[in-house]
Each structure stands twice: as structure tokens, then as C-alpha cells.
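One chain, chain A, links the two complexes that follow: it is found with chain B in the first and with chain C in the second.
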Partner chain A sequence: MSLSKDRISAIARKEFFHIIYDFRTLFIIFLMPVVQLIIFGYALNLEIQRVDMAVVDLARSTQSRKLVGQFSGSKFFRPFFYQGRLDDLEDLFKSREAKVAMVIPFDFERKLQNETSVQVQFLVDASDANAAILIRNYCNQVIMDYNENRGVKLPLPFDLRSTILFNPELKSSHFFVPGVIAMILIMISALLTSITISREKETGTMEQILVSPVRPLEIISGKVIPYIVLAFLDAAVILLVGLVVFKVPFKGSLFLLTGLTVLYILTALSLGLLISTQARTQQVAMMMALLITLLPTVMLSGLVFPIASMPKLLQYLTYLIPARYFLLIVRGIMLKGSVFSQLLGPCFFLALLTLILLGVSVKRFNMNLER
Partner chain B sequence: MPEISVKTENLVRNFGSFVAVNQVNIEVYQKEIFGFLGANGAGKTTMIRMLCGLLKPSSGKATVGGLDVYRQSEQIKRSIGYMSQKFSLYEDLTVEENINFYGGIYDLNQKRIQKKRDEIFFSLGMGDYARTLTYDLPLGFKQRLALGCALLHDPRILFLDEPTSGVDPKARRDFWEIIHQTVALGTTIFVTTHFMEEAEYCHRVFIMDAGKIIALDTPTKLKNRYKKKSMQEVFVTLVEKQQEKKTNPMPDSNDKMS
Partner chain C sequence: MQRIFSMMVKEFKQVFRNRPMLSIIFIAPILQLFILAFAITTEVLHIKLLVCDLDRSQVSKEVVRGFGNTDRFDLLGFSTDLKEIKEKMKAWEAQMALVIPPGFSRDLGRGQNPEIQVVVDGVDGNTAGVALGYARGILGEFGTNYVKNRPNYTQPVGIHLVNMEERMWYNPDLSSQQFMVPGIVVVLLTILPMMLSALSLVKEKEIGTLEQLMVTPLTRYQLLLGKLIPFLILSYVELAVVMTVAIVFFKIPMNGSYLLLAGLAFLYLFTTLGLGIFISTITSSQQQAMFTAWFFMVFMILMGGFFIPIENMPPILQKLTYLNPMRYFIYIIRDIFQKDSSLFSLLKDAVPMTAFGLLIFSLSVLKFQKRVG
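Up next is the complex of A and B:
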């Protein structure tokens, strides 16, 4: 029952020729991620600047004006004084005149001098959840600066420092470069494997292979190996663009990232394999692969929307999304310098997912032959 | 007593409640060209796929080269060649790459593949087409190249499913030329076709309708029995009779044969 290296390499070589002769696909594979990086990095710039901030200064004191000055001094905010009724603040959000409001209480000055803490109220328009989180973080940062200027070292009313810690400039590209790697890898791996296998079924060459002594596992390995290499090269290109063009920091071990990237590629390829056991034509395979990888990865992996702010049900669903784990891994290694022992959780889930997908698809592949 | 290459006993294949191959008994002898005729949907491809190990029979027995299709399909695969009804070369690869690939999956070494490649080019009179994309070959060449690929590993039994559909008469004759040469070397040929003139080239023909055998004999004997001049007429007569039986199901024992 041993697998033949020669037969696997015959299949892999053939598959390799398919890939290099198909310039168009090759072009897309290497160009698409760069385009996506640009879209995410520039066009979809989440680094919010000059956010309109309504200020209700009930204290009207020197200190409160200083606080407002701190906000206008930062490049994130454009404060203006709001004179209307407090109850109508909401209307400002509806009319998009402000995204955030700050209410400084009457007793601001007095409390500052006499008590250990004073509360300033922030109202954030959360109709765009991501922006809201960023704005909250910015507010937090400005308040910290303000406290520092006053020489106070006190705990803050809200403590979100961990979010900012590993991305001090709050650069969205730092989040998106790992995101694009995760998305592109799963897309091309799942898409290309499912297409290449269903193409052989569609054109009838699969039958020709199956009447030979080749074993199903040899077919699968041979077909998948070139795509592992291809996906890997693609990941390298994205990473390079990220490091050079977007100046994303790389704190951890490249070796670790390489190993875990291969694991993630295997997950994606197994998914592609599973799709190909289901799809009879290339067209169906393509639709299925895009449907299964693209939208869920964008929406549920934590790439765009933070998982913590999703409804509970969706949060459970995210456990099924391979990119979720890979994002933790890449962001961890690149931005935080995480080591393997800190990434055991996501690695375990990713490996488990791969084993399940691979097991089911190999079984289905064999079953389809006997039909 | 010639040696038996392929033998089936009450071979059946159902797709759901539909019976595609119904209680078929055949014996194919070594070095024989065994023609397999039948209208569209008669069950020819299904029959071949079962014998090649691509499809499990629903019931009945079948052996290929003395090997059991249920238990020994791995060994069967080494000794048979198959050319499927669908065109089965990679059109985006060169001629040479196709040959290398099919040689590779049959564990042939580089030297053997080289030798076979030269033989194929010679027999096709193709000159140096090695680096031509298969897509760019004329259909007749493609078909003969596919045949060459199916013969790379010198199979003892060759299954051809409508190998000449769509090619011109000249290319078809060239194709049959290779088939005759192959048989002369000791290979058994099991071939389905819709061309009645090709049926005349066969040693014996087997006519199937709706999954059942309706005739099995040498072309000469069949023509004599039905007093027809060509296999074309024999085939039409037989199928029409079969049709009549379906619309007017009278028990007619004279028609039973095999």
C-alpha cells in the first residue's frame, strides 16, 4: 500500500506545466493580492482623521478648555462647541455633524483638584462599529496625554491600552497586511485545487488517470504539491510588499511564520479538495470555492470586524473559519513577536480543522470513484 | 481452444431503478477484435467502465485477464489500456508532456518512454511534433496520440470507447491500421463504435439494446443469418425489431439468441 514517489512526481510535474502555461491565472494570482493591499491600505483607509467632535462644556473652566485644547491639538479630532440641549445630542449623530460627543461635567474643575478621579462622558456614534472602536481608542489616547501633561498618573476610566500597544500608530495597514495574506491564501488554494480537480472530471482525463495503477492518495498529493509551492510564493510576495511598501513591523520569527503558513495552506487545500469532491464542473467548483472562502473570511475571521463585537451566534461560527486562526497567528508573530508556545491554541484548531477536512475529502474522493 | 480475455456472467449495473446493463454474458478471446455496437444509451460505456474498474457492478461476475473485477481491480489496471469516450489528453500541454505524464503514471522509466515516444511519432508520421501543443493538432492526430498513450505500457487488453467519433474517414482508416497492428502483437481489443463499416473490421460483434444483448457473432454469420449485405442493415433490422417488441410486447421466442 505504499505510495510511489515517481507517480506522484509525474502528476505534480504535469500540474506544474498546467500552472506555468496559464499566464492569465498566474498573473491574477500575483497581481490580485497587490491590488487588494492597495485597496485596503489606501482606499479603505481606516485611520480616521479629523473626526468631528461635539463638545458640551458645562464646566467652562480653564481646565476644561485645556482638555478641549488637547483634542484640537491632536490630528484625530476637530472639536466644536455644541450649545443645544443635551437631549438633542443624538441628532448630531443622525445628521452626521459629529461622530463623537464629549460632555464635561459642571464640577470638572473642582473634582480635578479635590478628588482622585473625574468622569468625562463620551458618546460615540457606533453605526460603524470599527470606526467607533477606533474613535474610542483615540479619545483614550488623548485623555492619557492630557493626564500626562498634568502630571497625573492615575488609572483611566476605561483601559484599552492593550489594543493600542502593538500598533501604537493605530495603522490599519498593520492589520490588513496579515489579513490579505490570510484571505489570498485561502482563496487561491481552495479555488485552484477545486478547479484543477473538477476540470479533470469535466474533461474526462480523471477517468484516464483512474484506470492507471495510480492510487487516489497519489493523485491528491501530486495535484496539491505544486499549489502548496505557488501559494507559498504568493504569501512571500504579499509579505514583502507589506514590509517594504507599508512598513509593517515584523517582530517574530520568520521561520515560525513559514511553518504555520504551510499549515494554513494545507487547511485551504483540503477545503479545495472537499469542494472538488462535490462539484462536477469547474464552474460549480469556482462558485462554491468563492462562496465558501471569500465572504466568510472577510466577514467572520476578524479581518474587518472584531470578533468580540459580533452577535454570539456569529462568534461561534467564526470557529469554523480557518482564517480566524491564521490571523491570530500572523498578527501575533508580526506585530507582537509571539512565539510558538503562545500560539498553541490557534495552531491546534487549525491542525484539527485540516485533519477533519482532509479526512472527509479523501474519503469522499474514494467513494466517488466507486459510484 | 482460444484463451479467454474477458468474461462476464449475468453482469448487471443499475442506476437507481434504471437498469443500464442487464444480465450480460460475454466471452472475449485473446487477440480478438471484439466490436460492441448499440444505439445511444444502450449501455456500452457503462459496460466498459465496469470492466476497467471505474464502476462497481451491481451484480453478476466479471473477469478481465482472468482477474476478478471486484477483488483484483488493482492488478487489472496494470494490464489494460483504456481510451475513454471523452477526449482524454491535456490540450494545454505539449505532445511530449502528455506522453511523459501517461508514461509516468504507469511507472515506465525514462528510456522506455523515450522509445515509445519515438514509436508513436513514427507511426503517426508526425515528424517532430513533440513540442506542439496538443490543442493545435488535427483531431485525427489527437485521437491516434490518445491511442498511443493508452498503449504506452503494452496492455494485454485494450478498451476503446468510440475512439473514432468525429474524425474523417482517412484518419479512421489510419486509426484502424494501428488497431490491426496492435492485435497482431497479441493484444485483445474491445471496441465500441457507431460506424457500421468499422463493425465489419471486427472479428466478432456484440449488439446491445437497452442494456441487453440482442446479437453476438461474427459479422459474416450475422449478415448470413439476417440475409443482409452489410452490418449497417443487420443493425437497423435488429434495433427495429427490438423497438417493435417494446411497443407491442408479444412473447416471441424466435428472436431469442446468443
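Up next is the complex of A and C:
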């Protein structure tokens, strides 16, 4: 008995009606990406700006005021004068009114004129280590500018020209719009397929389908086809919003992106299948799918945090995350105009991952049937 | 009382009978804690650097050495073809290129200000900005040393530099785990109660047992209490487990009061359990409940300051985060862990959080009453 188109399309049609009737889920599936896109596009900004800085100016001199002025002039800081006792400075950190405090010593002016260097103290609220490192670097930069303005810095013997390719304005939305596509595609494909199969198991309809003259492979294909379509539509919506609202460039080939998106959706679907073979109830399937897809995709794929900065062991783990490869593909094609030969590596790994996932889940699926 | 108790026993039995679910509830969060605590770092390291040294002199090699000596850059190769830079970046093989022009050392010696070019892949704006900063620092250091080592160099008279003396409070080692792990605790205290209560109520609805429960002598309050207390207890167990792992394995210092933390967590659980009930009233299947819960979760996590600092957002979005109950609890738990904040200094977060919790909880209970009534 070979695969029958009629039977596959019959199952696909049934599944399709399931989707259409569940209006609320459908609504969320299409609203969600747009909301995420807007949050990521506008809110996700790892660069710190307008840091509240408490200033304790014990010197109250012309030079110390100039130093404070240098900080107000930079876009990174919002200095304000702190009038309270030095011992109570910590309260500012506890109430989060300031993230950094600058203490200018009372002999600032005198030392600046007579000694080679004068120390200005910076107290940083380091509870957020990443922010503290940035704040320290910014402080350093402002101090360097201040020294330079007073004409005490050695001029460099060469010129430095920096060129920024692909995203000259360093817009974070350009980075995140393709990323959201990767995230949404895996959520929808893996989550929905895993639920749909375990629902049939839970309600007992799986056995009804199995005793009908439909072959397992036909069931699987029939079940996943509607979700491929759905995921594709979703990807198109995100892409459109990204191009129109955020003006993200599209430099590469749409044809290539479409082809590789199909590959990625297949990977995600095989992941969903694997989950559904493991889980007997919808609840378990959902929780497993959420745990496997949501946080790892956000954290370990390079969507937000650079993989190269993670500990080595964790870096190896990222090879198992399908989104890792698709991010390189979609960002490469959209923002850089990469061609297929430049993306061979990620494509190969994605294909390999799909084959393994698919192989294991088909095997497990058959085993489940025999039991 | 007896009835609530029987209801609770039933719920516990249901939870403990479901082995896979139980392991998801308890083992998965710990796994996530291990993975996520290490993954979240915005520090930029190991930037892939391509070197185009067209000078090939002793001096230019010294410039390159400056980049090789740090774990901020990984030297991956040399190239003499400038066109290759862009192509390598397209294939994700290089993030930055350093171009030293031919005749660099000669021009440098003559004081003719040769031009060093740094090309950076701007796709990831944050990384690109940081990478440029690193490059400026390394090149600046090279330049200063070069000038100082000139034979005719004389120290300029009257150099009076302002120097920075820094003190890192609360976290002198600058470990990001200290900040992220308490955040993960909040995420878990959000996901678990919300999902469990929503799914368990909807499941009764979906398979029709909710109506059976309604015709028993249980009042609606007893029904809800019997449902929620087990999840409340489970959430606390989860909190204890995760905090033990955090404190024992990650050596996260817990500077504040455990009692205060437990008390405020109770108030926060009103919000998440309330949201769970709310979701169960507006949905009719587990799948719908799941997606609605997912929607709330993504919004709460992204807009709660968990890993995107709220201060960095545009003002309008910052105001929007006041509607997010998670925002308050994240601040609270981090402050208790790191700063030993007292209830008094946390009031400005605790009050709105409690207000949200009570509001959401009572509205959901009312809505639940109407739906079943």
C-alpha cells in the first residue's frame, strides 16, 4: 500500500478545521508575533542610557563643576547633586534612585594643579553585573574626554577609521526582527504538532484513526501539513511587519529564504513529533514543548546573547538548538545578502538535525503503535 | 473544612500520579537554572577577527599582537584581499577586520599619520559597538606606547590627570549569576502556578468533570480553595528547591530576610494564581489555555526587566511595564538577595504588586463564579 494523496488530504482537512474552529488560539498565534516584534524592536536595547548618577562634589570648584558638566553633556548619564550624608549614600542604591555615585574630593582643585594625578571615586551599584561593566566603561570614557579637553592627552600617531557594514546605524530592530521569525516558527511548529498528536492519544481518537485504513506516515503528513501552512503564513506576517514598520532591509534572495525556511519548519515539526511520541497527555506535551523551545531558543540560540561569550560546555549545547542555525541563515540572507554557498555550514547542521529527529521519532512512533 | 481537605487530597493525587508532569515541575526548573544562569551574559568575548596586514613590518605585527593577547578577540586568519572581508562576514566567518595599510610603519616613522581601518559587522549592533570600543582601546594603547618610546620623546610638563577609583558594591566579582538567578526564580514562580491552575481548571471543564464537581455539596469557594491551596504549596516547595540549588550550588549570596521573601512571594502568588483562574474562565480547552498563558508569560518576561533592563526602554514602554506585576517582584527579590533591603524600602514595589494581586485574584474569582453559576 503506497501513500495516498486522498487520505493525507482528508486528514489535513480535518486538522485544518480543528484549527479554524479554535478561533481564540488562531488569534493568539497571529497576534503574538506582532506583539513580540514590537517589544523586541523597540524595547530590547542592551545599551544603557541616561544612567542616574549621584554627584557628591566636596570641592565645589570651577574644575569640579566642569567635570560634572562633562558627565551631563554625555548621553549616558543624568547627574544630580546629592546633598545628604556620605554614609547614607547606600540608600540611593537601595531605593534605586541612582546606579552610580561620583565623589569628588575636597582637595580636587589643589591636587589637579600640583600633582600628577588625582583620584575621583566612583561607587557603582553592581547588582546587575552587566550594567555595572557598561557604567564603568562609560565613566572611563567621560573621564578620558575630560582629560583630553584639558589638553593633557597624547595625540595618536595614526588615524583610525571605522567602517560598519550591513547595519551602519546599529539598529537593534534589524537584528531582532529576523530573530523573532526564528522564535515564532519553532514555537508554532513544535508546540502545535506536539499537542495535536497527544490530544488524539488522550481522547482516544488516535486508536480510532489507527484502525481505519490510514497508514501512520499518512497520519503524520496529514497532521503536519496544515501547521506548515500556518507557520508559513505567520512568518510572512512577521516579515511584512518587519519590512514595513521597522524598515528592515531585505538584501538577499527571497527564494533562498523560502527554501531554507521550509527546512527549518521541518526541523521544528520533527521536534514536535518527537515530543508527542514521548508525552501521553496534552499537558505534558505542552510543558515539554515549552521547556524545550521557549527559553532555550531565547537564551541559547544567539537571539539575544552572543554564543561566543558563553562557557565552553554551554556552547556545545547550543549545537542542538535548531534556531541557532536558522538565525545565521535568516539574518545572513536578509541583512547581508548571503548566498547559499556561504550558508552551507548551518544548512548542513540543520538538515542533519532534522534527519536525526525525524528518524528517532518515526521509530518511536512505530514502537508506540505496536505496544 | 473537611470538604476543602478532600478536594486538596484529590488534587495532590492527580499531580503525583502524573509522573512525567511531576518531573517537569521539579527537575526541569533546576536544569533550566543551570543552563540559563550561565548563558545570560551580555559581555562580548571572542570576536572573530580577520587581519589584513598589508604592511608586514615589525610595527604592524606589534599592532596585531595587541589583538591576539586578549580573550576579547579570536584571531582567525590573515588575508591580503580586501574584498574577502565582506564575503567572510556574509558567511559568518568574521565579525571584524583590521586593515593596516601598506607603508604603515614607514609613514608612522615619518609622522605622516597613516590610517588604520577597522571594519565591523553591524548586524548585531550591541556587539559591534562594544567591539569597536575594544579596538579603539587596544589601538590607543599601542599609539601611546609608540609615542612614548620615540627616541626624541620628552614627558610633557604639567600633566595632571584625573583618574578613576571604582568600588563595585554588592557584587565586587561582577558575577552575572547573582543577578540572573533570583530573576529565574521569579520566572518559575510565574510559569508554574499560572500554568498549573489554568490547565487543571480547564481540564475539568474540557472533560466535563467541572459540572460534576458543581453538583456536589462543595461551594464554589471551597472548590477554588481546594484547587489553589495544593498549587500554592507546590509553588512554595518549588521555591525552596530552586533557592537551595541557587544558594548551595551557585553560591548566590542571600543577604536579606527569608521571611520577608516568603511573605512577599505569597502576595505575588495571588497574581499568578489569579491569572491562572482568569485564563481558565476565558478559555474552553487546554490548548487555548496554554496559548493564552503563553501570551501572558512572554509579555511578562520580556517587559519585566528579567533580561532586558527596563531603564533602557523608550519612556512609553517603560510606563507600560508598571502594568506588569512581575516587574515589581523581580525588583523585590533581587533587592532582598543582593542588598538586604527592608520591607520599608521595598514598599514602593510591594504595594502596587499587592494591589495587582488582590485585584486580579478577586476579579478572576468573581468571573469564575459567574461562569459556573
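The working rule: the second predicted complex is superposed on the first by the 251 of 371 C-alpha atoms of A that agree within 3 Å, B and C clash if a C-alpha of one lies under 4 Å from a C-alpha of the other, contacts with A are read in each partner's own complex, and residues count from 1 in each chain.
Assume a contact is a pair of C-beta atoms (placed from the backbone, for glycine too) under 8 Å apart; a residue touches a chain by one contact, two chains touch by 3 or more.
Keep in mind that what you see is a predicted model, and the values were worked out from it rather than measured.
Shared-chain residue A:L350: touches no atom of chain B or chain C. Contacts of A:G204 after superposition: chain B is touched, whereas chain C is not reached. Of the two partner chains placed by superposition, A:A98 touches none, neither chain B nor chain C. Judged by the number of chain A residues each one touches, C leads among chain B and chain C.
When both complexes are overlaid on chain A, the residue A:D22 reaches chain B and chain C alike. After overlaying the two complexes on the shared chain, residue contacts for A:D6 are found with chain B alone; chain C is out of touch. In the superposition on chain A, A:L290 makes contact with chain C only, not with chain B.
Contact with chain B, but none with chain C, is seen for A:S212 once the two complexes are overlaid on the shared chain. In the superposition on chain A, chain A positions 22 are in contact with chain B in one complex as well as with chain C in the other. Contacts from chain C toward chain A in the complex involve residues 18, 20-21, 24, 28, 32, 35-36, 38-48, 74, 86-87, 89-92, 104, 108, 111, 113-129, 132-133, 135-136, 139-140, 143-144, 146-148, 156, 159-172, 174-176, 178-179, 191, 195, 199, 203, 282-283, 285-288, 290-292, 294-295, 298-299, 302-303, 307-309, 311-314, 317, 331, 334-335, 338-339, 341, 345, 348.
The touching residues of chain A, counted against chain C in their complex, run 22, 24-25, 28-29, 31-32, 35-36, 39-40, 42-51, 67, 90-91, 93-96, 111-133, 136-137, 139-140, 143, 146-147, 150, 152, 154-172, 174-175, 187, 191, 195, 199, 278-284, 286-288, 290-291, 294-296, 299-300, 304-306, 308-311, 314, 317, 328, 331-332, 335-339, 342-343, 345-346. The part of chain A that touches chain B in the complex is made up of residues 4, 6-7, 9-11, 13-14, 17-18, 21-22, 203-205, 207-214, 369-371. Contact residues on chain B toward chain A in their complex (touch as defined above): 49, 52-56, 74, 77-78, 80, 82, 84-90, 92-93, 97, 100-107.
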